[in-house]
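Before any comments, here is the structure.
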Amino acid sequence: MSKDEHREGIKGMANPTRYGIERVAYWLMRLSGLGLLAYFVGHIYETSNILRGQVGWNEFLELTQTTEGHLVLAIVIAMCVFHTVNGIRVMLGHGGIGVGKPARPDYPYEPASQNYRHKIGIYSAILLAAIAMMYGLAVMFGE
Amino acid sequence: MVDSLEFDLIICGSGLAGLRAAIAAAKKGPHLKIGIVSKVQVMRSHSVSAEGGTAAVLFEDEGDTIESHVYDTVKGSDFLADQDVAERLCVEMPQEIRQLDHWGMPWSRRDDGRIDQRNFGGYSFPRATYASDKVGFFEMQTLYDTCQKFENIEYLNEWFVTSIIHDGKRFMGVTAIELGSGTFYTIKGKALIIATGGAGRLYSFSTYALSSTPDGLDMGLRAGMALKDMEFVQFHPTGILPSGILITEGARGEGGYLLNNKGERFMKTYAAGKMELAPRDIVSRSIMTEIQEGRGFKHETGVDCMKLDLRHLGDEKIKEKLGGIREISIKFSGQDPAQDLLDIRPVCHYMMGGLHTDIDGATEIQGVWAAGEAACNSVHGSNRLGANSTSECIVWGKITGELAIDYIQKNESSNPWPHHLVAAEEKRIYDGIFRGNGDVNPYEIRQQLTDTMNEKAYVYKNETNLVEGLKKIRELKQQTWKHVDDKAKEYNTNFANVMELDSMFRVAEIVLLGAINRKESRGAHARTDFPKRDDANFLHHTLAYYDPNGPIMKTHPVTITKYQPVERKY
Amino acid sequence: MRESTIMKIHYGTALAAVALVAVHILMRLTQGFAESLEYENVLANYKFIPYAAMLELILILLSVHGFNGLRVILLELKQGRIYEKAVSYGCLAAMIGLIAYGSRTIIMTNMGMV
Amino acid sequence: MAQVSSISNEQTSPTSKLITLRISRFNPEHDESSGFMEFSVSYEKWTTVLEAILDVKKHHDHSVGVRYSCRQATCGSCGMIINGKPRLACFTKISELNSDVVTVEPMNNFPIIRDLAVKFEKLFDTHQKIKPYLIRDDTEIESNEKEFLQSPEEVEQYIQFANCIKCGLCNSACPTMATDSSFVGPQALAQAYRYVADSRDKGKDSRLKIIDDSHGIWRCHFAGSCSQVCPKGVDPAMGIQLLRGYMLGFRS
């Protein structure tokens, strides 16, 4: 990216402030997507330890079944729930569902696509993610 | 060596007229190179601000006739219009409306799917074709977007044209500055269409875009063409305070009232037959008379004004048909037309005058046409009816575009390129202006000039004021404002602004001189010292030619075909 | 491949994954979390062919989805013909690699090669 | 007869207040990097940011580079970043910013020409690329005997998108635009939808093909920032999702 294009760059792309909850959702979606991918790769590696037999598996389990490991897992749960719920919302949106109907705009213009349905979708994705994370923490630390 | 470009056809100005010409030309001469040169980015031209409508006869099945459109136009012009020209406008227009429709224009529709029309001032049939209240904007969009189809059109965005180069008889090219880089260019061409629009920024209280300055007109003037009928400046009755942004005549077309401080619809005193929908010159004068007789209001800026009442139209109708002015009044004036009365006042809105052309839009130089508001083919005479101007732009855009192509295909120019003229022009703008010296702020001079025009040549004029105005402007001209403090080449709007100011002096002088000479009242030209129309002495057009010692004024006959002048009553 | 086809796959894999991942996680929860991770239980799961098949499916779906997601992000970050080619093929290779690696685990475990 | 005099911008009334206007200055040909210049300007409740900038240009520093024309939010010239967000200078009143400092910068994601003026070539090019005109049989388009009938409801389907003034604010706000120099952008995508949704048009397939590209419509993630900054209520985000609905087979 050449400097004289005056693009906002990654900082601008990744800055979730300024533009309301939809932009926050965009940002969380990216982050959770990448996070999940990272976890997923790790997870595949983790499970491959089963090939090393009971000893190897347990060795590895010990590594992950720590407080830090549980915290990471809790975050993964949250990311997964958010990414899934918001993913469904985004897919509906991308299909043109729930984004409002075209109509003559009246001043002051309030974009119909930034509507309460999608906002509720985003908030519930965040909420569900939080609940799931709590639940996960409870399960993991409860024992 | 001066950098150089070459086109077959150069179109200077990218408003409605310029773009319509470009399409007509591109279709007719698919192998010719067409360049649209504009000092603003092509689609930013002033035409986007046109709001209310475009006049055309569409409903002959419901009783409208071309004949009636012609007569309304001629009567509206106070019989100064060339009647053959007016007829041409009205005959050509209906098909242009449909052509725009076929190009994607989002005309407002009737329930049966046909294109709708609304009422407008001075017409005997509702024939202003509209698209909400953003007619000019949508027309510009339609034309701009249609231009995108043609590969032989090139856009020179933000190129300031400074002069026309010709060999005394025939057109050869123009000189221009590419604002982005600051490079001075010659653009060679076989034909030119001037579509540089009106010059309403001669007045400080104006509906025009800030870019509507007289440099286009001045360019023609300096090249030896005449400016015609410049004394006729239209004041639109309803410019909203404090900005002067237009509240379209469509607001009254949809049923809005004008009220004085007694709460009366005062138009009943002045034009009982048409009330608020009398032609603009009459409504503007009525407002000023009311104000002068003490029945006006004071705006919080201290300026006198009148009220426009749209409340009875209801929120829904306002949103549907007048969404643009609703936005404007809420945003810029804090008044919601559904609840508040709007503060309005007559405002400089249109120039009937312009570069002298014949019925085909041809100027006095071979290979140069003029179209749109920059041209004066005398279709509007001394007062334009609302909605007739966008029509004019479209019709003569098309006519000149096609004629220019015919001309290019028939003529091969072979005269040697006049380098000395280019050198002289370079000297004029770089030595005379860019490297000029002085300590007077040109922007303050511009403010004073435009304020003077507002004060001395407003709705009502008289000898004393006009002469004072002329004197003041000549004084201002003598001051040392000819300098550009911004020394950079790139995007030097300071330079452009000072060149604009330079052109304002020449054109303002012609407006005032024309007004002083015309000792009668006709259409938009209202003299308190000569309140009557005087056909015996003044049924003629005014021409002004450039001369270094001040303009040379001449007259030109009016073409009258069917309609003998009678008293104009509504 | 047309971008629309790729993105349809992206959405399709996401949708299919919703159901499958749900089952996968529910399994962890029905048994009790720690218990579910015990070697015998895990091994038993792997040996249960329908479950192993489901794991394989999840593996493929999420690898495709995830690495295409990565491709999208990388494409948006920087442009250029060579870079874009590298990103596309790189993601494809990573995707195939991960699927191969994961499949190895599943198949070998399933066949009792532990 | 006395004429009522003009309204001059320079009038200072007792109601006028002062703000600090910070203008970003940069001439890429001469300067290494951009910097700010500060001016103190007075304003009334209706004063727009554009008026304040022009006031500076007239009275303090003639060399401020700024693009403007209509001053009524219809020409799309004056987009810039005002206090951190892309807005039209002529459509932003100082009084509504609720701040003693007004900072103006050139729009992001457009190359700077000078100070506040940016290059639009890219936007114009992408706009042209999506075929922004009615596509149907040429003889039908060029005949001007009869209008194409279109009901008010059919107009309603696209009129919102036809309000676009090509100001570029949406392209400046969009997160994809922030890093992707090849992305078509919300402006052009909304225009693609404008013509697709027009009942007179028959060019849907060819337009869909153009935007079905690795830097086409799919690079929109429904972040919605475009719609939030659009000064004309165009709602590009909606148009883009509806357009994508066609491509995903949700609509036909």
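Here the chain labels run A, B, C and D in written order, and each chain numbers its own residues starting at 1.
One rule holds for everything that comes next: contacts are C-beta pairs under 8 Å (C-beta built on N, C-alpha and C of every residue); 3 or more make two chains touch, one makes a residue touch a chain.
In this text, all values refer to a predicted model and were calculated from it rather than measured experimentally.
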{"item": "Omitting chain D while every other chain stays put - resulting connected groups", "value": "one piece"}
{"item": "Higher-contact pair (C-beta pairs counted), C-D versus A-B", "value": "C-D"}
{"item": "Gap in Å, rounded to a whole number, between the CA centres of chain D and chain C", "value": "42"}
{"item": "Length of the line joining the C-alpha centres of chain B and chain C, rounded to whole Å", "value": "66"}
{"item": "For chain A paired with chain B, centre-to-centre distance based on mean C-alpha positions, whole Å", "value": "56"}
{"item": "Approximate Å spacing (C-alpha centroids) for the pair chain B, chain D", "value": "25"}
{"item": "Multi-chain contact sites of chain B, meaning residues that touch two or more partners", "value": "132, 327, 331"}
{"item": "Chain A, residues touching no fewer than two other chains", "value": "1, 10, 13, 30, 94, 104-107"}
{"item": "In chain C, residues with contacts to at least two other chains", "value": "11, 76-79"}
{"item": "Listing of all chain pairs that touch each other, if any do", "value": "A-B, A-C, A-D, B-D, C-D"}
{"item": "Footprint of chain A on chain D - complex, ascending", "value": "28, 84-85, 106, 108-112, 118, 156-161, 163, 173, 175-179, 181, 197, 221-225, 227-235, 237-239, 241-246, 248, 250-251"}
{"item": "Touching residues (chain side chain B, partner chain D) in the complex", "value": "40-41, 43-46, 48-49, 95-99, 101-104, 106-115, 132, 134, 137-138, 141, 145-146, 148-149, 155, 157, 180, 203-205, 209-211, 241-245, 291-292, 301-304, 324, 327-328, 331-334, 441-444, 447, 450-451, 454-456, 458-460, 462, 465, 484-494, 497, 528"}
{"item": "Contact set on chain D toward chain B in their complex", "value": "1-11, 13, 27-30, 44-46, 48, 57-59, 62-63, 65-77, 91, 93, 113-115, 117, 119-120, 124, 127-128, 131-134, 140-152, 154-155, 158-159, 162-166, 195, 198, 200-201"}
{"item": "List of chain D residues in touch with chain C within their complex", "value": "176, 179-183, 212-216, 218-219, 247-248"}
{"item": "Residue ranges of chain B in contact with chain A within the complex", "value": "132, 319-320, 323, 326-327, 330-331"}
